[in-house]
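Chains: A, B and C, in written order; residue numbering restarts at 1 for each.
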Amino acid sequence: MKKVKLRTKIIIAIALLLAIIVPLITSKNRYYMDVFIMLGIYVILGSAMNLLIGYTGQISLGMAGFYGIGAYTAVLLVMKANVPFLPALICAVILCFVIGYFLGFPSTKLNFIFLGLSTAGLNTIIQLIITNSKFTGGASGITGIPSVKLFGEPLTKLQYYYMVLVFVLIVLFICYRIVNSKTGRALMAIRGNPIAASAVGINVNRYKLLVFAIVSAMAGVAGVLYAFNIRYIQAEAFTTNMSFKILTMGIIGGMGDLGGGVVGSLVAGALPEFLRDLSKYQMTIYGLLIVLVLRFMPRGIIYPIHIGLDKLEALFKKIFCKNKKSDNTVKEA
Amino acid sequence: MGTILKTEAVTMQFGGLTAVDSVDLEIQEGEIHALLGPNGAGKTTLFNVISGIYIPTSGRVVFKGVEINSKKSHEVAELGIGRTFQNILLFDDMTVCENVMIGRHLKTKQPLVESIFCTPRIRREEKLSRSRSLELLDFVNLADEAEKKAGSLPYGKKRLLEIARALALEPSMLLLDEPAAGMNLSESVELMETINKIKASGVTILIVEHNMRVAMGISDVVTVLNHGQKIAEGVPAEIQHNQAVMEAYLGTGGTLQ
Amino acid sequence: MNIFLQCVINGVALGAVYTIMALSYTILFGTLRIANFAQGDIYMIGMLLGFTFYVTASMNFFVGLILAIIITVLVLLIIDRLIYRPILRTSSMYLFIATIGMATFLRNASQLVFGSESYSFPHLLGSKPLQITEEISIVPQNLIIIGVCIVLVIVLFLFMRKTKTGLAMSAVSMNPFAAALMGVNYSKITTITYAISAAMASIAGVFTAPMYNVNTTVGASLGLKALIAAVMGGFGNSVGAIVGGMILGLVEALGSTYISSAYKDAFAFILLLIILFLRPQGILGRKRITKV
């Protein structure tokens, strides 16, 4: 089995602990809770994007479209058909998966430019349908989305946050398992060289479609969680601008690095909160971030962090296990 | 022993250019069959037709009784034809061992849903895949390099790694496109031993080779192409004295060693 | 019938805009294999600069046009030198993503320079439609646009076929390594290609300004659709760009009248999906042979 470094385990444990404890402290403050919930949703979106772009070399400018399909499907099921939340979520995810599978077909033709274009187109079309259809409430959107209930009681913000956290962990775990299995190797092979990949029997088109569908389904989950948190949706939230934002999250952390996806999502997601006075320039900053990261640190902002940790680890070893043979790797259970 | 692969009047045209012109080829199970010919003779194109990268303009390719003309590359691989590439197509940023594990794609039973739940079978398969890959690396004398990045290997070792990756498919037939290109003398001698070992394990080999010493030294049958056409076929000793072949290679009056 | 003819006329005018922009993408892609997603925003910068010089600073139209072209070209050349070229050394996919980032950046950053309100640019020959028959008319500005398009196409084709630089560009497009070996200065050709591409986009920007609300978001959807036109026609193929541009213009004009105006922006994408499905290399594109 692939070895997981002790260091990685420690970092995951610390991150998880922070994710569980910090919101407990701020649970009184609705604003902070909303920020944390959004960050969770961004991590889902950014990690999905990172999986797509970093591991398969495909690009999607239509993530916000699937984010929207997920949101509207679940909301309409709950409000118009009285379906409970969880089944509605599952339906939305399946729908996103199926649509993703079929609309991923440009990915099997030619290259990323065409995929970029057709996914941007898909986003535009979904946007137009949402805005122009009566069923989706048109441009004014849908208000009065009921809150999610557990045992008949509506979830508090804190409980909702923990629910989102569970979904984040599920998505990250799935990403991790995909990457570290035959499927992940096949995807990386396709990114490396599609001709060589098919020469060893990898069905390139099938895998491209599959991963596109999986990523679309993940965006769908994020959409559902978004809708039932703010309980009001309109077309504005699912524009191509949102897709650019998701692209930024998936890229800046470091492509082809799950941790990079998480870090990128958190940085890009939290940035507007730190720069509230500059909210007008949000998109300018996202654009600039993409360009600067690709130009000056193509391995992403996680790369200097990795290097820093390497040094830290060396230091620790020097201090604590002077004579012992280093035992920093542990076999994964 | 019967025929394993047969091409019947295979022609491949690109626009006005006929790269392969009505070539008939019959390869017997268990033999090493070499394709010779000067640059641009259509050897690699014929390889690409057989391995499903190109669909021939006309003609038939039959592998073990199945017509594979219009099969895609991965389907051909599934039927049991492994190949290497003239210009080495490895997954450079992955380790040597991972490269071979990718070669075991079809042999590794890890359905996606099960992978996500990390069932015992997945772990078993993963272990098996790794250990089989290491065996193959040992077979081509690359065991020491298993954890290095494939891109960092020297040229000759890259060629060996490509062979190991193709063998991971557990093919019944192996297409080797100029495996000795860029190798020094001792490396190519070692390569010839490896190829003979592969033959001994029961794999049929079709090899394109420029290096006359390698080609003549290991092959049972030699086919010579020139300008896309087959100009000669026979055992190495015959080919060495074939007039048409000498002319194609050296112009009139030359001799081949 | 009259409605149909009117649609065709409007479609051709729209097609002319797409054609110029599609060509500005195609020349970059055809020569350097670079798809600059930010091209629509280069168009927008050209348009706003034209507005600034001609309307705000009340300069002579042609002086304003030339200044707009020069500055736009400089902007793209600087972007190329500082950003695109170094990234291209890493990977062409990274470059494509960077051009998307650049598009987002330019679109939003130019608001800081030009503000976020919409301006209107005066029609050069008056806004009164010329009546062709009683029910069919054409706005003079559209005639100008069609004329500019024709002139640009002719100049571009002459340049590519007759001048040494143009031929060198074709050589680079066929095989950059061989071209470099033959003594073509790749870096210089890159610069010239970017310059031509930016010049075309800014010319399109200034001449079409009267037909649109002049603001910083005008390039986004137009740029995307022109890229679609180029891809449909066969990306990298100049005649394909013209065919793609015209088809897209006509489909949009006819579709928004006969099918639905609300979904006008969707036609381009639906058309693209259909063509990618039926003919992935584009209408006039040649199938590329996989070399192994």
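Here, a contact is a pair of C-beta atoms (placed from the backbone, for glycine too) under 8 Å apart; a residue touches a chain by one contact, two chains touch by 3 or more.
These numbers were taken from a predicted model, which means no experiment stands behind them.
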- What chain lies farthest away from chain A once each centre is taken as the mean of the Cα atoms? B
- Greatest number of touching C-beta pairs links chains A-C
- Task: Quick one: report the Å distance separating chain A from chain C, using the average Cα coordinate of each chain.
- Result: 33
- What is the distance in Å between the mean C-alpha positions of chain B and chain C? 47
- Query: Which whole number of Å gives the spacing of the CA centres of chain A and chain B?
  - Reply: 41
- Which chain B residues reach two or more other chains? 53, 85, 89
- Residue numbers in chain A touching 2 or more other chains? 195
- Item | chain C: positions in contact with at least two other chains | 290, 292
- Query: Which part of chain A faces chain C closely enough to touch in the complex?
  - Reply: 53, 57, 59, 61, 105-106, 109-110, 112-114, 116-118, 120-122, 124-125, 128, 131-132, 195, 241, 244, 247-248, 251, 280-281, 283-284, 286-291, 294-295, 298
- Item | Touching residues on chain B, where the partner in the complex is chain A | 51-53, 72-74, 77-78, 82-83, 85, 89-94, 98, 101-103, 105-106, 108, 110, 112, 115-118, 122-123, 125-127, 129, 165-166, 168-169
- Message: Going by the contact rule set out above, which residues of chain C touch chain A in the complex?
- Response: 35, 37, 82-83, 86-87, 90-91, 93-98, 100-109, 111-112, 221, 224, 227-228, 231, 235, 262-263, 265-266, 268-270, 272-273, 276-277, 280-281, 290, 292
- Given the complex with chain B, which residues does chain A contribute to the contact? 1, 173-174, 177-178, 181-183, 185-186, 188-189, 192-193, 195-204, 210
